[in-house]
Amino acid sequence: MLASPLLDVQGLQVEYQTPGGVVRAVDGVSFQIRPGEVLGLAGESGSGKSTVAHAITRILHPPAVITGGEVHFRDRDVLAMSDTELANFRWREVSMVFQSAMNALNPVMTIGDQIADTIVAHEAVTRRDARERARELLDVVGIEARRLDAYPHQLSGGMRQRAVIAIALALNPPLMIMDEPTTALDVVVQQEILLQIEELKERFGFSILFITHDLSLLVEFSDRIAIMYAGQIVEMAPAQRVFDDPLHPYTVGLMNSFPALTGEKTRMSGIPGSPPDMRHPPSGCRFHDRCALVQPMHTRVVPLLREAKPGHFVACHLYDAMPGSAPAADVHHLALRGR
Amino acid sequence: MRFLIRRLGFYLLAAWASLTLNFVLPRMMPGDPAAAMFARFRGQAQPEQIEAMRKAFGLSDAPLIQQYGTYVSHALRGDFGLSISSFPAPVIQVIGTSLQWTLLLGLVSTILGFVIGSLLGVFGAWRRGGLADSVLPPLLLFVGSFPYFWLASLALFFLGFRWKLFPLRHAYADNLMPSWSWDFIGSVGTHLVLPAGTILLVSIGGWMLGMRNTMISVLAEDYITMAEAKGLSQNRIMFAYAARNALLPNVTAVGMALGFVISGALVTETVFAYPGLGYQLLTAVRNLDYPLMQGIFLMITFAVLIANLIVDLLYVRLDPRVRG
Amino acid sequence: MQIDMQDQARPVTAEVTDMGQVLPLAQPRRGVTLPLWLRAVARNRKATLGVIILALFALVALAAPVIAPGDPTDFVDRPHLAPSAAHLLGTTGQGQDVFTQTVWGSRPTLAVGLLVGIATTIVGIVVGLSAGYFGGGVDDLLSLVTNVFLIVPSLPLLVVLAAFLGSGNFAFFILVLTITGWAWPARIMRSQTLSLREKDFVAAARVGGESGPRIILTEILPNMLSIVVASFLGSTVFAIGALTALEFLGLGNPSIISWGTNLYWASNNAGLLTGAWWTFVPAGACIALVAFAFALVNYAIDEITNPRLRAQGEVAAASKRRRKSAPSTRATPVVRHAS
């Protein structure tokens, strides 16, 4: 059917041991990314999306522990890798673009050195050759060569983000994880960077796991979108489908909270309530205390991520009927903008 | 650059404050300073000595502001008056012979302490729960609580007196003359072990804990996570990314700590009769040699200020954000 | 990830950020319950040990007439007698009882130390909080003065002050020790005030119309309590050290019995070089123990109130319990639940 997946995550569980109790930040997350695909992972602050990103290459720090699930990259078991294997695997196969470039860059090292660092660590080249490659990479992302010896604080916000992207490109990895790469930038620069990323993806052909809380960024940019809530994926579908036909009440609520730039004026609505305490998440469906369509059964039984329509997965009891059948009429009403 | 100029201005201000304090002190003694001196010496001072003291303090019948001007102009020329205990040698000359030993002692113990302590701190923070993190800090904390002069006394007693491992006093063997021969340098070395070792042991806990704490803060930063994500070796991350950044606040701390280290060095010298400024200060106190006391105080203060300036220069080299 | 604050009965103690950092939240103090940090300190082994040692010394100092009856300045036997049943710690170079002198010596030393600790902390609070809160010209001026006092080495300054103005009575020592010792607490208080000033509850108080001094007293100061205590302990140690150093150099009051003067006489009477170690070991050991006890408590306070140190320390402790040695790398561990 399709090429075997590049990244295959099944039932991933990540817990934090805090003084106040155990927090299961990621609870049974499964998804795949194919070569050349862009998967958008969207959710509120605290939904666990960043934790998922960091768990893939195991760069979460104590008190985080991966307590279950599988992570396979090209059929290699990442969770079983030794430290040496991990060091080899990291950046060469999966690289990352972090949210705040200012924080992600070593303040006392030139960006040229920070690019060359990873090249030298993975390949048997001299520093000089690595520097040459670094110069080329800066050129690719649109930074002038003389910035090779610049320190992070000497660059503008947009340039820093480009530098971070250049570092991520250094070993030409098949997968790049981008954790809110544009959140810390102003809107104009945001667009530039997004265009740059798109162009680079066309040129080099890598897959992207794009994490953000801003859904509007994803619709044009990603092939598929996964929505996370309270440590679980609640909906996953091709990008346009998520926008045109959101199924999960949470997704519907998110769509309703974005005012349209054009068209009739509509009333804005938010989602009532607040995200749950992850030490004691709600029983059954975790969204049940904020959902207008909750039924008693929803508070007891955990909904599984099921294919409700072709290629469109949702974890919601409202779609427990046979796949392909029409959803409950109420959801349609909820989906109408302006409600 | 602006950073350095501001620091220099501050040091000049501190130097001026010390000078002014020195000017004020004799005049704060109850009664006429010279008469007070006379009384303290119980009439045993020579008239020339009293006169020398008056001149050293800038005491005269001129108006206060003029006395101050004279005093400051003399000080800037290095004229701190005549020493009472080594009368009629000028204070500056008496100090000159001992400054180098204090510098040697201070530099050796500070540099060694900082380097070894920082390395221990780096390893302690990197492997939380390892040896360097669980055993050493409490141990060094304990040793660091010892008063300098007490540990010095213990060292002198056991290692010098009882077990005769190291010399008991002075900076070099009494039968040697200063020269650049290996003999002399070796002798200086063995005489340096106990005093420098004492200062090192007491202060190393502080250096280690300081580095360890900044390392722990740095290790929580995003650029460390990114370095790990880049698949760099543990050593590279520990030194080029973590320690290199954790170093900066500790370099600043060296400047602050210098005052403490110097104070510790002073008392240590007295125990070992190490012929530095500290030992001389003790002698000055015993002999009520006020001009010498003041001269030593100023000299030590200026030395600390200059050392701080050097540390600032070093910091500018290390932190690209300040270079600007 | 914001842990839900709906549950009032169990106050929120930890915050898990998206980058996987677990930070205990600093809680503004409400009511008269013991602050969280104080309770944690009370449970801490290091702090308990320190407090026990200090309590013992306090007891000894207070009960001196009972423990070592008689006048410590009495000449009781031949000089430089080794410890025996008659004289527990032997006799000094002048024939006085070392044990009695050590016990009675605790009084002036500890008293001056504590009083200076209190005085420098008060001055430090006044100067530091004013500088930190009011900022601007007030801060510039106060900081300048503070830094000048900080940079001038304390012992040489003390020596000249004591030599020129010395009168040997307590008040004088307390005064000069406070003069040389107030700058460090002031600096610490200032930086703490600066960081607290930016916190929300202070802004709320300001908006609510509370006056400057009132805000300082009721909002800022109570939240700095751990710093104030730690600073007080540090100042006391400094004072004891400086006092004994002065006395050792001969600038103390030779007619009083204190640990410092004991050491002065011991070195004057060449106790060291005649092998009479018992003349200088006890007093110095007492100073070392007291200083160590203060340092222990401070260390514990630091460990508890510094969230980074604490989080990492707990992890180290937890991993030590789970396996023999701490993990040598920082890759996320995989510890699967037995399902």
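As written, the chains take the letters A, B and C, and residue 1 is the first residue of each chain.
The definition used in the following text is that a contact is a pair of C-beta atoms (placed from the backbone, for glycine too) under 8 Å apart; a residue touches a chain by one contact, two chains touch by 3 or more.
All of these numbers come straight from a predicted model, not from anything done at the bench.
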Centre-most chain [mean C-alpha coordinates]: C
Between A-B and B-C, the pair joined by more C-beta contacts: B-C
Taking each chain's C-alpha mean as its centre, the one farthest from chain C: A
Interchain centroid distance [CA atoms averaged], chain A/chain C, Å: 48
Chain B and chain C: spacing of chain centres that average the CA atoms, whole Å: 23
CA centroid of chain A to CA centroid of chain B, Å: 55
Touching two or more other chains - residue numbers and ranges from chain C: 19, 21, 312, 315, 319, 328-331
Shared interface positions of chain A, touching two or more other chains: 54, 59, 61, 86
Touching two or more other chains - residues of chain B: 220, 222, 225, 228
Chain A partner contacts - residues on chain C that touch it in the complex: 1-4, 6-7, 10, 12-14, 16, 18-22, 24, 311-312, 314-315, 318-319, 328-337, 339
Partner chain C, residues of chain B touching it in the complex: 10-11, 13-14, 17-18, 21-22, 25-26, 28-29, 127-130, 133, 137-138, 141-142, 144-150, 153-154, 156-157, 161-162, 168, 213, 216-217, 219-220, 222, 225, 228, 234, 255-256, 258-260, 262-263, 266-267, 270-271, 281-282, 285-286, 288, 290, 293-294, 296-297, 300-301, 304-305, 308
Chain B partner contacts - residues on chain A that touch it in the complex: 54, 57, 59, 61, 86-92, 95-96, 98, 100, 103-109, 117-118, 121-122, 151, 153, 167
Chain B residues within the chain A interface of the complex: 220-223, 225-233, 236, 240-241, 244-245, 248, 318-321
Of all residues in chain C, those that touch chain B in their complex: 19, 21, 46, 144, 147-148, 150-157, 159-161, 163-165, 237, 241, 244-245, 248-251, 263, 267, 272-273, 275, 277, 280-281, 284-285, 287-289, 291-292, 294-296, 299, 306, 308-309, 312-313, 315-317, 319-320, 325-326, 328-331
